[in-house]
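Note that the chains are named A, B, C and D in the order they appear, and that numbering of residues resets to 1 at the start of each chain.
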Amino acid sequence: MSDNSFGMLFRVTTWGESHGPAIGCVVDGTPPGLALDEAWIQPFLDARRPGRSRFTTQRKEPDRVRILSGVFEGRTTGTPIGLMIENQDVRSKDYTAIKDKFRPGHADYTYRAKYGLRDYRGGGRSSARETAMRVAAGAIARRILSQRIKIRGAVVQMGDHEITRSRWSWAETARNPFWCPDAKVSVEWEALLDAARKRGSSIGAVIEVVASGVPVGLGAPVYGKLDAELAAAFMSINAVKGVEIGAGFGAAALSGNENADEMRMKMGKVTFLSNNAGGILGGISTGQDVVARFAVKPTSSIVEPRKTVTTGGRNTEISTKGRHDPCVGIRAVPVGEAMMACVLADQLLRHRAQCG
Amino acid sequence: MSDNSFGMLFRVTTWGESHGPAIGCVVDGTPPGLALDEAWIQPFLDARRPGRSRFTTQRKEPDRVRILSGVFEGRTTGTPIGLMIENQDVRSKDYTAIKDKFRPGHADYTYRAKYGLRDYRGGGRSSARETAMRVAAGAIARRILSQRIKIRGAVVQMGDHEITRSRWSWAETARNPFWCPDAKVSVEWEALLDAARKRGSSIGAVIEVVASGVPVGLGAPVYGKLDAELAAAFMSINAVKGVEIGAGFGAAALSGNENADEMRMKMGKVTFLSNNAGGILGGISTGQDVVARFAVKPTSSIVEPRKTVTTGGRNTEISTKGRHDPCVGIRAVPVGEAMMACVLADQLLRHRAQCG
Amino acid sequence: MSDNSFGMLFRVTTWGESHGPAIGCVVDGTPPGLALDEAWIQPFLDARRPGRSRFTTQRKEPDRVRILSGVFEGRTTGTPIGLMIENQDVRSKDYTAIKDKFRPGHADYTYRAKYGLRDYRGGGRSSARETAMRVAAGAIARRILSQRIKIRGAVVQMGDHEITRSRWSWAETARNPFWCPDAKVSVEWEALLDAARKRGSSIGAVIEVVASGVPVGLGAPVYGKLDAELAAAFMSINAVKGVEIGAGFGAAALSGNENADEMRMKMGKVTFLSNNAGGILGGISTGQDVVARFAVKPTSSIVEPRKTVTTGGRNTEISTKGRHDPCVGIRAVPVGEAMMACVLADQLLRHRAQCG
Amino acid sequence: MSDNSFGMLFRVTTWGESHGPAIGCVVDGTPPGLALDEAWIQPFLDARRPGRSRFTTQRKEPDRVRILSGVFEGRTTGTPIGLMIENQDVRSKDYTAIKDKFRPGHADYTYRAKYGLRDYRGGGRSSARETAMRVAAGAIARRILSQRIKIRGAVVQMGDHEITRSRWSWAETARNPFWCPDAKVSVEWEALLDAARKRGSSIGAVIEVVASGVPVGLGAPVYGKLDAELAAAFMSINAVKGVEIGAGFGAAALSGNENADEMRMKMGKVTFLSNNAGGILGGISTGQDVVARFAVKPTSSIVEPRKTVTTGGRNTEISTKGRHDPCVGIRAVPVGEAMMACVLADQLLRHRAQCG
């Protein structure tokens, strides 16, 4: 068990800092014989890559992943898959200004307090750069999942502007820079984000990840609940402050008869008349869409000056310049999808182990 | 690693079904030399016990816990602590009516689909009865935590009726049957709950758990984040559909300058001017109150008839009578406190291991 | 992960002290639908039970196991199986004499040094009584293994008297009090053991455990090697000081051409012309018999006085009376078989998870 | 939990194949603030490196390790340490001859049977090349251990030639190519090994690893026993077939009064009059030297032709040429030391967690 590993049987261990020579991960437990090469993984990384629009950080990272082990002649061998991405566009000097100050909303203060020292360059280990390896691991996880399982994410709220669900179009998510399924609201979001950037601030978001085609039976009764593991997975993403499944917090305001999804036989199969459960009952998948949402706080690296203290214990102010995403929630979409894929792949292997 | 265990170093493994002879748990990793006996644990169990007011199930369970190992002459020995509670008021015949029907909102269908068979009596393993052992384990966890750490829970929303935060009084939580910190709203809740029961329905709730006195430095950078583990802990409680930390989902609607808690030196110590972070930055505790909330869906066992299917694949209806909590959120309060205690104790031991 | 758990997917967690009210365990990860009741487990416990001949301790423990959870209508449900045995013949006063002295060869001194206190009655947690739960768990593990897999143990050396392998008869192991496969040497052993007891001493032994019918492919390449896990499993049994697989230490004295088991096709199947590997190559089972041996030191509780020190730091002598096995190796046979069963069951589930 | 990870809190995960682009590992759980750089690790790797004498493989690998993360300005940061060694002298064509044949004594057959495919080049994942990363991790582990703890290894038997213990000199181990502590027998070993090589065969060995200065109290009562973890650690090294602690298999032939190490106070401290226990009682260190031995089988890659079968199921013969160690036991010495260091470092952190 390790603080930098995730999953029980499909197990991902990441390493690397924002401004070190490279970041990487080890993916253990992958079944043998699956087709895998860099070309399969790269598009998922490209989706998360910075600099794809003016709404994300301008750090230029090609994020070319290399497979260093565990694949032979284009197939997984069942041994650990070593992945690495070299860091390229590292401007550590951007950070010397903040070396001796704790940035509010960042891990600077807590890292220093915990470890007694910290790699301050680009946030070190706490940089969202680590999530590139999650995306790579998620691409491998997708190979384990049957092709019937489709995992898709979307931003459903930016600031306090929510999408209108009746306008939902998955196709639309690829057509705007926000993974927004609502063409109309995405225009408003552009203005919103431009305004935030202009005043040196930032903005939060809510992301929804949906897995379709998940078979009934994944998960476990008590601590190994599918939703408990999704909650940990999403909450472990940088800047996430909340996670919900199905009706989520809204379920608290429903009555028992509204909330419990009724069931009916249809063409010889069990079906549900609604999906407040978000595809999970008693910690186990129902066969409906698994629906999860997570809230991402606004980027803490902002130009607008904030009160803070120095490592030496003096009051001061800080204005974080560097190159930052005005809304980290946008690039969290492929990360959320990847975490969903990893959790499902792990649960699938565990289910196969116990139930054959 | 096991689907019925929780925690890395302070490790709780529970067993038992609602209508079996007993439920129990093994608590491993407890430091030696701590004062412990049944009398310390029992009051926490009593707080969760059914039948304390007309707003909880009328099942009569004294829930007397026995310590079977790991304690010698009133002190923990460092070896595993075996705990057991015998089930008493078991009326399995209440359940024969539902033996062949899947109750909507329950795990009946998913268990059957996963395992091919299920102990249908009282929900078997998926019964909230399992949470009694969490509460017992949480009582042990509190022994590990310094006495400066105070963990308290409250119901902050019932149905769509929220508390008014300016009226918050911890003392009040002990004076009404809802752990409600707002004396005024608790009166409304009585009416709300009575109405729900009368029409054979049920109601959801939001619980807030606050840990004060937590030292800075608990948690870990990436997958071992304190908030990620709290998320898993709370989401693993029966009927929970959402978890949030600090400003939570509300953080999505804040701007970066509103959200990032500013810092100031005060009497030589680092302080924060707000607590949107909920006491956790970068997965590590800040020293402020750790504040978490979770949403509990309305009880799925309701008298009002619902559409469902039989195990044999026929459409039918079901009306669940038995003895059920009209709002399971109420009794989730001591459970939430216990999970907070378990997570903090585990993280404390892990911190001590790595950072001395 | 826990110091009192064993196995990854088939996971056994034991609790309990020699002179506490009970001992027990939780077996998690068992596949659902397997036939299981107390009657299946009890014979394995009876084989380990004390007092079956004059060559084992005279403590009278019926060792009646109760299944408290995880089984419904005679079938496993897939949820954790709680097992318990109540301690009966506890004579704690036997131990007050040794309360303040460290018995040489026992864990008394190290426990005290580690934990600062210890339950001195009957060795507390370090008593071999804990192994009863391993035997019970092993009985469940056998249910998971195909009936083609046969696990049998034998004592192959007592003191310095080895068996003659050409006289090996499995049937004979049931006919003498030593699980000895060599009828001739078992007579010598009787004399040997009687003499040891008479002079207030004790004697060591080597146990061999053989699993036949194990399919090729169980195990894993590096740290999850089948032999590495067997080594941990056997070494974790009380009083064990050595473990070997196949030719074991003898392999060091072989040349490369003698040691490497040659292969031949036979009836369309791969066969080996010898089994120096003990059924494991590169950490993975070959399909041949898995053959392991472990050495058990002589019982440390002996009447003959030995030099020791008191908990207060004075030199003294100790003569351990109580009721003790003159050769703990004998009762280690069913325990060794159980550990083999647990390791194989766990590896089988892990193999199924990864390789389908 | 992962088949390619080792340790609970000081956790090592390795990846890489013999003929892939690189091998590497992730070391998680290292305390922060420890001095660490490549220069500290490299000498340990050099000790294991091939080609240092005519008695090891002539493959030329500089084995230059790179630290890719977890270290900042010469100090560990508490985040995962990524290590990598690029493979250089890869002659995969040496292996095309054996692509379709299973080498007796190797993992070829079992890998193929388990995974359905294998990277046959140089043994792929089952190559002893993986042990380079253990050595690197062991170097980090030594940083965690107090400088009072000294870990040293020696070859104590080659073929059937044992050392004479009365001639033991640690200094001598550095003066011959065998890590042999007995100057006289090392001369015999030269002849022995030259003869084995000449006739195209190989030879086995027994290695002893001794840790001095280990404090009393490391380890745990039951499954987390220090000796159980050492057994797994050593047995997981390639080609190891047996492990013993202290008197080991010899303990079986001792009487209880000979075996149990007597105790005496000396200068106010508890001392032992002998060390049959090998420094471990009840799974917990006694403060005496921790003494372990493991047996390494003769190299399976030999020139002398052996009967085997093809992947297609035909009988054939094989003569393994390539570049191989005539006695893999020699290079296992630094690996054994490293595993001892890793186990002790992990247990030290666990002890600190539980007992402060």
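The working rule: a residue touches a chain if its C-beta (ideal position, glycine included) is under 8 Å from a C-beta of that chain, and two chains touch if they have at least 3 such contacts.
This is a predicted model, so every value here is computed, not measured.
Taking A-B and A-D together, the pair of chains sharing more C-beta contacts is A-B.
Summarising the inter-chain layout, the chain whose CA centre lies farthest from the centre of chain B is D. For this pair, chain A with chain B, the centres built from the Cα atoms lie 26 Å apart.
Centre-to-centre spacing of chain A and chain C amounts to 46 Å, using the average Cα coordinate of each chain. Taking the mean of the C-alpha atoms as each chain's centre, chain A and chain D sit 39 Å apart.
Shown for chain C are the residues that touch two or more other chains, namely 1-5, 8, 14, 29, 32, 78-79, 114-116, 125, 221, 350, 355. Residues 1-5, 8, 11, 13-17, 20-24, 26, 28-29, 32-33, 66, 68-70, 72, 75, 77-82, 84, 114-119, 124-125 of chain B are the ones that touch chain C when the two sit in their complex. Partner chain C is touched in their complex by these residues of chain A: 1, 9, 29-32, 78-79, 221, 349-350, 352-356. Of all the residues in chain B, the ones that touch chain A in their complex are 1-6, 8, 14, 102-107, 109-111, 113-116, 125-126, 130, 157-160, 196, 201-206, 216-217, 219-225, 227-236, 238, 241-265, 268, 270, 273, 276-278, 280-287, 295-302, 304, 306-309, 313-315, 329, 350-351, 355.
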